[in-house]
Amino acid sequence: MIVVLKPGLSDEDVHKVVERIESLGLKAHISVGKERTIVGAIGDERLLADQTLESFPGVEKVLPILKPYKLVSREFQKEDTVIAVNRHEIGGKRVHVMAGPCSVESREQVQETALSVKEAGATFLRGGAFKPRTSPYAFQGLGEEGLNYLAHAREVTGLAVITEVLDPRDLELVYRYTDILQIGARNMQNFKLLTEVGKLDKPVMLKRGMSATIQEFLLSAEYIAAAGNRKIILCERGIRTYETETRNTVDLSAVPLLKQLTHLPVFVDPSHGTGRWDLVTPMALAGIAAGADGLLIEVHPHPELALSDGPQSLKPKKFAALMAQLKKVAVAIGREL
Amino acid sequence: MIVVLKPGLSDEDVHKVVERIESLGLKAHISVGKERTIVGAIGDERLLADQTLESFPGVEKVLPILKPYKLVSREFQKEDTVIAVNRHEIGGKRVHVMAGPCSVESREQVQETALSVKEAGATFLRGGAFKPRTSPYAFQGLGEEGLNYLAHAREVTGLAVITEVLDPRDLELVYRYTDILQIGARNMQNFKLLTEVGKLDKPVMLKRGMSATIQEFLLSAEYIAAAGNRKIILCERGIRTYETETRNTVDLSAVPLLKQLTHLPVFVDPSHGTGRWDLVTPMALAGIAAGADGLLIEVHPHPELALSDGPQSLKPKKFAALMAQLKKVAVAIGREL
Amino acid sequence: MIVVLKPGLSDEDVHKVVERIESLGLKAHISVGKERTIVGAIGDERLLADQTLESFPGVEKVLPILKPYKLVSREFQKEDTVIAVNRHEIGGKRVHVMAGPCSVESREQVQETALSVKEAGATFLRGGAFKPRTSPYAFQGLGEEGLNYLAHAREVTGLAVITEVLDPRDLELVYRYTDILQIGARNMQNFKLLTEVGKLDKPVMLKRGMSATIQEFLLSAEYIAAAGNRKIILCERGIRTYETETRNTVDLSAVPLLKQLTHLPVFVDPSHGTGRWDLVTPMALAGIAAGADGLLIEVHPHPELALSDGPQSLKPKKFAALMAQLKKVAVAIGREL
Amino acid sequence: MIVVLKPGLSDEDVHKVVERIESLGLKAHISVGKERTIVGAIGDERLLADQTLESFPGVEKVLPILKPYKLVSREFQKEDTVIAVNRHEIGGKRVHVMAGPCSVESREQVQETALSVKEAGATFLRGGAFKPRTSPYAFQGLGEEGLNYLAHAREVTGLAVITEVLDPRDLELVYRYTDILQIGARNMQNFKLLTEVGKLDKPVMLKRGMSATIQEFLLSAEYIAAAGNRKIILCERGIRTYETETRNTVDLSAVPLLKQLTHLPVFVDPSHGTGRWDLVTPMALAGIAAGADGLLIEVHPHPELALSDGPQSLKPKKFAALMAQLKKVAVAIGREL
């Protein structure tokens, strides 16, 4: 950590900063420049997560040198994390597509969708039983009934299931039904929930918050890892920008960037990312071309009747066409589907 | 709601849209323009929170006419909501300042701060016992011990207390200790938590999410109101923008805008909003000048030793100076402090 | 255009709005709803670019139905615009890569780069002689001397040249030397400059402004088209968001979206878009997978000595590797390179 | 400047970085930490505006210590810059309000507005003769005819005039008619135009670009100062965020922040900042409370007929009421109007 001091500080003031740094267990190293004196704080600056130095008298700014996350960083573990679920490996050579409706609405809807996405090559079934909705008057999900429909579709198709958990109080219930626990964008900084899923032994897909920086995203993953669970999948799902033509702006550069910074698998959700079914296919292809380990795609047999997110759902036929194209792009960059 | 149809639709297709609108309980009204046909859907469009029309075949876009929130809207209730807490009225002529440390750290720290902010004119004591921290390695708050220190300071000073609740499982505990329940920015869309505080009879301060639109902010307030609790205080605390010199960008225009759209009291938190103590005073004055009903300000006797948010905390002396200036500005715009 | 009236308006007030709409040459169509009265304004609403209706008494809001641009819209021209330059066709089946240094620095640097990018398969040479730099103390480009070096490299390699023009006063000069005129992101709303290049007969590449919406981007293209020049290439080069790990956030969904809304060719600049050479290759592949007609890529033989944008420049060898991968992705989605 | 090296670098590699730093005229200072080696580059790092070190092999990142601007910085000049125009002093104790229509539309409109704003206490008349408009089909201003109307109104009222210049080719013309030259937000990084107004002897008001950081804003001011003109007024006019209820988001914290970083006067434009006349008054009061030296406010006798920006224009009567309130707030914070 580099501590830049304000100009014109007395030796005594500089000494106090040095003292404070050393009291925190770091070694201080003074360097006097022409316009500023800077103090290097040598040691594990992650211990200073509270960064109290910035408000120390005489300090102009504090520049961290190291990343504030550790367990999830590429420096901590050089090899890619590969997560085994239901005979599949996530984060390996093969790209995985998790598909299904936004909300679980009925036994038939889920089963019909599951059969069609399986036939097209998807390896996981997605579907929400607990839905975080902006409006209190919108459909909030079927709850346990929905989880039952997912379980039924899993039995019928053999697809593994991924579904969202919103509340620590529902965790035990959702855990019983799902293969992967999904933490949605709105809960990326629900630290209590992160800590709870961190105590479990099932994989967790963590979606990037709507305005989360890459660093905050990785710190949230670090919460899960620090609690004990290293089976974490990251998912870029679009960030909030000033652009209104799309629901969010998919930050695809986050994919290669995350692959550099962390050893965890990285997915892309082009459905939430764009909010428009007619942009899902090109952004799915682009996501894989950018290096993503998989995709989360919303498919609904009748989008015009969907209880949520109809405008961004593909019909099964379009989804099958997407999968055919995706296979070619995956092969072109040396992967498989 | 206005439904804009794609160009070149057949009469049959138009009819299907009309049918769908009417099946949802609204009246359809067709208007054929030169380049587009539009269908007005007349009735309570709030029933259509799920907005399935956008993915209906032939529909180009759907333009809502009414606001999606109701109970919190100025149209629903013309008069300002005034909330009585601890002999004080929030939302009336008098401006209230809630001050105290970011985190509760010790009995002495809280008591010392409480005494000084009371003397300067604050009417509420703020302080966090449960802290949402970006890093798992940062100080997470003292929990119930911290709540005890707040209770002690309340006893000593007579100040009412406001503190944050993060987890539905802690709600009962926090409820026992606090006068106002605070929902932090990261939990603005923790809909389960909103519903739970909506069932209680104590006032709730809802902070705007880091990238929440005004509409989303009011819909989150609507969650609380719809669950039964109308004692809601809104708090603008800065939004995330590209600017990095400040921690967030305080959106002060949200204050007069919210006062138009809703009958609820509106506060400003210039401490989190700017992240810099040297900007707190001007932004506090500006907040009141813009029409806010009160302020949330971080005060710490020793910011350089604070376990969180030291850089944005005022020392008691600076806080007292701020209160003196604030009084003059409040009077200048016809209010009091 | 839909004009939503405030609640509780008298018939007379409604009549005044109708009168105003009709005085502007549109037909008014009143529809009385339960909570709001709306007036449809039928006719070419593009004539109302000044949108004075929003400030008319009694008007709550104005919702446009049609896009405000015309000549560049897909509705105006269904077929893709294909632009012929120097034996090449931009916007056809073949994907084009324009490569070269950010700044022209010397005759040797440009020639060396031109030879290497040509060998790797680039069809255009890019390079800036007039540089818009954030700091007045940064290198501002070689001016006409730089244009001469570009001309020399064109002679040697046969590559066509694209270079930026900053000032209407330099237009004649730059026109003499270049095959494509580039309008940079900072000048996307320099409307005088747009109008001037609109009067010329050479193709113009228009880069998206740092915080321009898709609609503003297309309106700027419309300025060029309205002045007479239809040979316009659009270029997505990253937008400004809160994320700081990358210089900008490449909005790749803009590519398929623009291909829907307009008939113009769409390029991507992953070098400026990310600001990091180590992200250029994945984002270049993703750009083509998303449907871009070409790429703009910065290549420098010695990035560590570059006078601008070194951190985002590829070395010739890396660029050649990128081109090999790009070819495979292009073929995978049915195009060629 | 602090140069952070990648882990695991050989001594030879470190030596090369040191060599490079010294070849640029700075002194290098190595500090070996536990996980990273850092090199301090001591000297005037502003000379390195091109920052080529970031792409040097082995360099992980470069952290600047000093601000990249100089002449406009508070460190360079401690005392406030006070600019004398037309018997007035801008940047002194007195707050100035510049008011008038967005566009100059007719001799009568300008004169009527000028008389009314003067009576209400404005000291400058604003009005655009050259208008930067998003759409090519919108009213582009009256040009020289408009300048004539401004000159006429100045003669009649004695108010000084501020008007925008868009194009270096119009500079001589605009210079003859105006007292203050305005550079609009869209031209904040039109560096050629900045350099040209930097050669003149009349004050320049520089508006912040729609997505400009505070640092970029000050670097643009530095362009003007470096060309010789130190009479610069900065104007915050709202930045682009995700919020759509307002046209822009006024960043009022920029006011006290700029007053810290620079000695230049700082204004606020609540009209463009909010885009809504009903938010102009509270944001004007808040701007002055935050420490602004003045305001730019749009006033139009008939906003509903305005050719541009009607929705954000105040009628003369509302403007007079604003001025009365403003006076009280100015006095409350120790200034005058």
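Labels A, B, C and D are assigned to the chains in the order they are written; within every chain, residues are numbered from 1.
Keep this in mind: a residue touches a chain if its C-beta (ideal position, glycine included) is under 8 Å from a C-beta of that chain, and two chains touch if they have at least 3 such contacts.
As the structure is a computational prediction, the values presented were derived from the model and not from experiment.
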Original post:
Suppose you hop from chain A to any chain it touches, then on again the same way; how many hops at least until you reach chain D?
Top reply: 1
**OP:** Among all other chains, pick the one whose mean CA position is farthest from the mean CA position of chain B.
**Re:** C
Original post:
How many angstrom lie between the CA centroids of chain A and chain B, rounded to a whole number?
Top reply: 26
Original post:
Cα centroid separation between chain B and chain D, in whole Å?
Top reply: 31
Original post:
Which residues belonging to chain B are in contact with no fewer than two other chains?
Top reply: 211, 240-242, 244
**OP:** Could you please specify the touching residues of chain D with respect to chain C in the complex?
**Re:** 20, 46-47, 49-52, 54-57, 68-69, 132-140, 166-169, 186-187, 189-192, 195, 210-211, 216, 219, 222-223, 226-227, 240, 277, 303-308, 310-311, 313
Subject >> chain D residues touching chain A - in the complex, by the definition given at the top >> reply: 2, 4, 7, 29, 31, 33-36, 38, 40, 42-44, 63, 65-66, 75, 240-242, 244
Original post:
What residues on chain B touch chain D, complex-wise?
Top reply: 211, 213-215, 239, 241-246, 249-253, 255-257, 260, 273-274, 278-279, 282-283, 285-291, 325, 328-329, 331-333
